[in-house]
Amino acid sequence: MDQASVIGLIGGMIVLVVSVLIAGASFGAFIDYPSLMVVFGGAFCATLVSFPLRNFLGIGSVTKKVFFNRPENVTELIQTIVELAQVARRDGLLALEAKQEEIKNPFMVLGIQMAVDGTRPEVIEDVLRTELEAVATRHRDGKAVLDQVGRMAPAFGMIGTLMGLIIMLGNLDDPDAIGPSMAVALITTLYGAIVSNMVFIPWADKLGFINRQELIAMEIVIRGIMGIQSGDNPRVIEQKLNTFVPPKYRATGKKESEAA
Amino acid sequence: MDQASVIGLIGGMIVLVVSVLIAGASFGAFIDYPSLMVVFGGAFCATLVSFPLRNFLGIGSVTKKVFFNRPENVTELIQTIVELAQVARRDGLLALEAKQEEIKNPFMVLGIQMAVDGTRPEVIEDVLRTELEAVATRHRDGKAVLDQVGRMAPAFGMIGTLMGLIIMLGNLDDPDAIGPSMAVALITTLYGAIVSNMVFIPWADKLGFINRQELIAMEIVIRGIMGIQSGDNPRVIEQKLNTFVPPKYRATGKKESEAA
Amino acid sequence: MDQASVIGLIGGMIVLVVSVLIAGASFGAFIDYPSLMVVFGGAFCATLVSFPLRNFLGIGSVTKKVFFNRPENVTELIQTIVELAQVARRDGLLALEAKQEEIKNPFMVLGIQMAVDGTRPEVIEDVLRTELEAVATRHRDGKAVLDQVGRMAPAFGMIGTLMGLIIMLGNLDDPDAIGPSMAVALITTLYGAIVSNMVFIPWADKLGFINRQELIAMEIVIRGIMGIQSGDNPRVIEQKLNTFVPPKYRATGKKESEAA
Amino acid sequence: MDQASVIGLIGGMIVLVVSVLIAGASFGAFIDYPSLMVVFGGAFCATLVSFPLRNFLGIGSVTKKVFFNRPENVTELIQTIVELAQVARRDGLLALEAKQEEIKNPFMVLGIQMAVDGTRPEVIEDVLRTELEAVATRHRDGKAVLDQVGRMAPAFGMIGTLMGLIIMLGNLDDPDAIGPSMAVALITTLYGAIVSNMVFIPWADKLGFINRQELIAMEIVIRGIMGIQSGDNPRVIEQKLNTFVPPKYRATGKKESEAA
Amino acid sequence: MDQASVIGLIGGMIVLVVSVLIAGASFGAFIDYPSLMVVFGGAFCATLVSFPLRNFLGIGSVTKKVFFNRPENVTELIQTIVELAQVARRDGLLALEAKQEEIKNPFMVLGIQMAVDGTRPEVIEDVLRTELEAVATRHRDGKAVLDQVGRMAPAFGMIGTLMGLIIMLGNLDDPDAIGPSMAVALITTLYGAIVSNMVFIPWADKLGFINRQELIAMEIVIRGIMGIQSGDNPRVIEQKLNTFVPPKYRATGKKESEAA
């Protein structure tokens, strides 16, 4: 469970609620079901038009990823690669076959399997890189759905407000109703702004971040496997891969750059 | 027929209509023909200025593609390539000539024909890649028309509202007319916002998505044909091409990465 | 004469005029000379500050290009190249010298001349590519002037409206004058929006489109000349160059891809 | 301590305070705690949702860097590299081992160590370049947090204003309260605009600048070490590296370009 | 002295002044010192926070460049290169030493000197290209300061207007003061819009243009010197370099493309 996203969301809600309480206003003033319908219904329908059904429905698993993502432990991943490199150097590439079951990362399993099968290095790199690019494309498509909802929510907030204003301006007979009608009209803009800035834009940004981390882990695996196959010295492999890790998280680097 | 786009469009309309009904307003308040004319007429005329006539008229076929696009079945496409690779490996490249009629994808037909004709690999790749780039350019030009309408509709919405406000402000004699006049002035902004956010921006985004899928299918064909011509092992070709498909849709991959 | 741009501009004007007529307003309400001066004067002066004088003055020829551009007939261009390739293959490169006068495209004349002179292929490609890049740069500089006017017009529209509002708010003594003053203040914003969205943004977009077409024609010439010089088979040259043309406009391609 | 950022921040605050004093207004009119809470609380919570906790918490050290950054003295850095190059040319690469303790830049220490260890040049360049890319990634992630706060502050300013307007419009009974209520409603927009434009956007821009300088210093180190290892003439190394320094700050260049 | 920028600035001021005169308003209505302070003070302070002090202070020389820039005469530059190429071909590279004093362009002096010294071509190109990249970086940093002021001026215009509105709304006792107070509040937005759109955005755009011209001149020098060193035919060098010049300004090209 990703604490930051949960804390942030709950904290943001508390901030808004408390500020209403301090202002001494009732919550009733901020709840309007038709407005809710225009903003959410409109934003989701517009997003539905924008993507194939399958991509739109992926919004659920994509959201789950924002909250329940468990980042690959890169330090551990490098450790595993270094161990495999030591085994391969000592006992040959075929000895890796026995180790395969211990590997959890399915992308690494694929690469090791190809190395064990004696696939040519260019082919291995080609397959792994195409896989990485394909994952990047799927990532981008998943993030695009959240981005679109985040872009459409304020647009439909504005549409709702315009509708409310038009209704109100057409019925100015009762001066006492003007204020409340305008208040209701503004609620859709408020909903659109909150939904977009508190929920979907941050989710999309978080997802982009998680995706980049995954791609870095895949890049590490590719470089590691290419190094293992070409029989590089495990220490050199470790040194190369450690550069992907911030200095303070590096496991065994003897000399570390603190440049960042 | 693409369900998502249809469901989304109809759903969005229902959402807006129901919200008006709940608010107890009459639809008459939201219909104004001159406003319709300013927003649609203005947006289409501005788009007409922005492109050669031929491109502008392509808006019809481009829109049809948004709704009736039938995406290439990539799994099937890869299957076909693998089968051709097996035939070519067993019976030689010339044996592919007999298979040509079974192939539906015209881009693949072009590539296979060149391979059968004994065209040099560099030339085949060059012709196919130039074709892919040219298709990408035509895609971009088609999408640009929808994008432009989506960009111009809110602009002309604002122009209409400004015109309405100027007319209204020049005739403030009758206080009772101010409200309705302002309501009418705001209708163009509403039209512009709905037309842009519910229709043209989502259509353009959807088209961009469809186009990317087509380019991926073309990329698969190119790599497949290059592999067939160079006599690659059909299993290696399959493995390479399968990386373009999300793991769960892969047909016959023995070992699959679930990394995404 | 480019019909689309003319039809679009005239159509857009008619749309706006008719909508005013339907609304029963007088045109006088929409004409204000100081507003015209602020929007046009301001936008052109700001653009004048933004570019060297020579570039700014080029706005005339650039605009002419939007309306009187006569696109290179790409199918014909390819036909010419294929014929030259046949001549060169049959009678040698020197035989092209006699054909030079029939070629209208000056860029192709330059390339053929270099080929006839026996210039080395790398040098020919280098000269032609640098020429293409230089044309692209000049295109971009020309388009930038229209873009800048399109960007500055709404800004000066807003500046004019702010000036009008400030004048109005400083003289609220006569309540009857408030409406008309505000109407006049809004006119600059209206002018800015129309000038930008109906004229300069579409012109700039159209110019960008025309420019891209020219660069494609130059790219075709470069590839054609390189093919002619290296003595490629005219049929292969035709096949390669035809990929730049949408399938339905291709002249003689025996097998065509309908992929786009 | 970076003077510009401190002077700018204090100067900006003085400007705003003095302008309020001149206008004869009381500061009380500009202080509203719930508004403060909505803008800061909302912006920080939305940023918290957007990043993993670790990145969000890095905002402290990132801010410290804006103020206390001490840029690498590039002239001195080049001087050090040239001296090392002279030593290496005279006494061999191993002689650099003795010099290592004098080097302060940890990135250079890493490179020199690898050179002394006899690591192959490709590996050295690979490790150093990956390190540089990894630093660039960490930089980008750090800057992204400041950017996000700068983007969210005005959004929550608008959200707060909308909330204030809705509350106000729902209670129009007391006409005397309308002005002050609206003033309070606008305060959140004011806070959001100041926080974003005076603090977080400039901080993020400054950080981007500092980061680029660091990457240039790393690039200089990489090129220097590659030159040292391949035994380049120290004068050539100096000439190459000096191009990174503005002419007027170059230490010993005999002939300098003043082109910039 | 760059006429366009001066004419544009003065013309723009005249346009605004005359439009005020026509409207019969007094200039006093548009002058408010605290507003001036908020917009200029705020924008400059925010820019000061955004850059190291040295870069911020460079705004003076950068502005001078906008007005007093004297563009390199590219035709003359090419002529010089061609002459040097003739000398080098006739009398050898060393004969260029005597010509060095006649060369004004310091970047070309650097390149010729290296060629005379017998530096290897790769090193010459490397040094010159790094210099070009470094100049491009310094250009970008200089332009960034003007861009930032142009971005911050409207932001502080809005901040000033919000402050004015908050003060006004807190003191609604005197109805006669509302109009003038609001007028004053709007003045900051007006200042911000004028300062940004008439001054800093155009200056930044002009500077970007000038910078690109300088980089093109440097590119010509690099290609020229590489051609001279490799002993290319001066006519070929001329033909290559002339592609950088618009056809109508080319000095001696026998056959010119009019394609642009």
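First chain written, first letter: the chains are A, B, C, D and E, and each begins at residue 1.
As a working rule, a contact is a pair of C-beta atoms (placed from the backbone, for glycine too) under 8 Å apart; a residue touches a chain by one contact, two chains touch by 3 or more.
Model, not experiment: these values are computed from the prediction.
Q: Enumerate, in label order, the chains that touch chain B and chain E alike.
A: Touching chain B as well as chain E, we find C.
Q: Give, as an integer number of Å, the spacing between the C-alpha centres of chain D and chain C.
A: That gives a centre separation of 40 Å.
Q: Can you compute the centre-to-centre distance for chain C and chain E, using the mean CA position of each chain? Integer Å is fine.
A: Here the centre of chain E sits 25 Å away from the centre of chain C.
Q: With touching defined as stated, please give the ring order of all chains, chain A first and chain B second.
A: Following the ring from chain A in the direction of chain B gives A, B, C, E, D.
Q: Flag every residue of chain E that touches chain C in the complex, lowest number first.
A: 2-5, 7-9, 11-12, 15-16, 18-20, 22-23, 25, 29-30, 71, 176, 178-180, 182-183, 186-187, 189-190, 193-194, 196-199, 201-203, 205-206, 209-210, 212, 216, 236, 239-240, 243-246, 255-260
Q: Which residues of chain C touch chain E once you look at their complex with the stated criterion?
A: For this pair, the touching residues of chain C are 33-35, 37-38, 41-42, 44-53, 55-56, 105-107, 109-110, 113, 119, 123, 126-127, 130-131, 133-135, 137-139, 141, 144, 148, 152, 155-156, 158-160, 162-167, 169-172, 214, 218.
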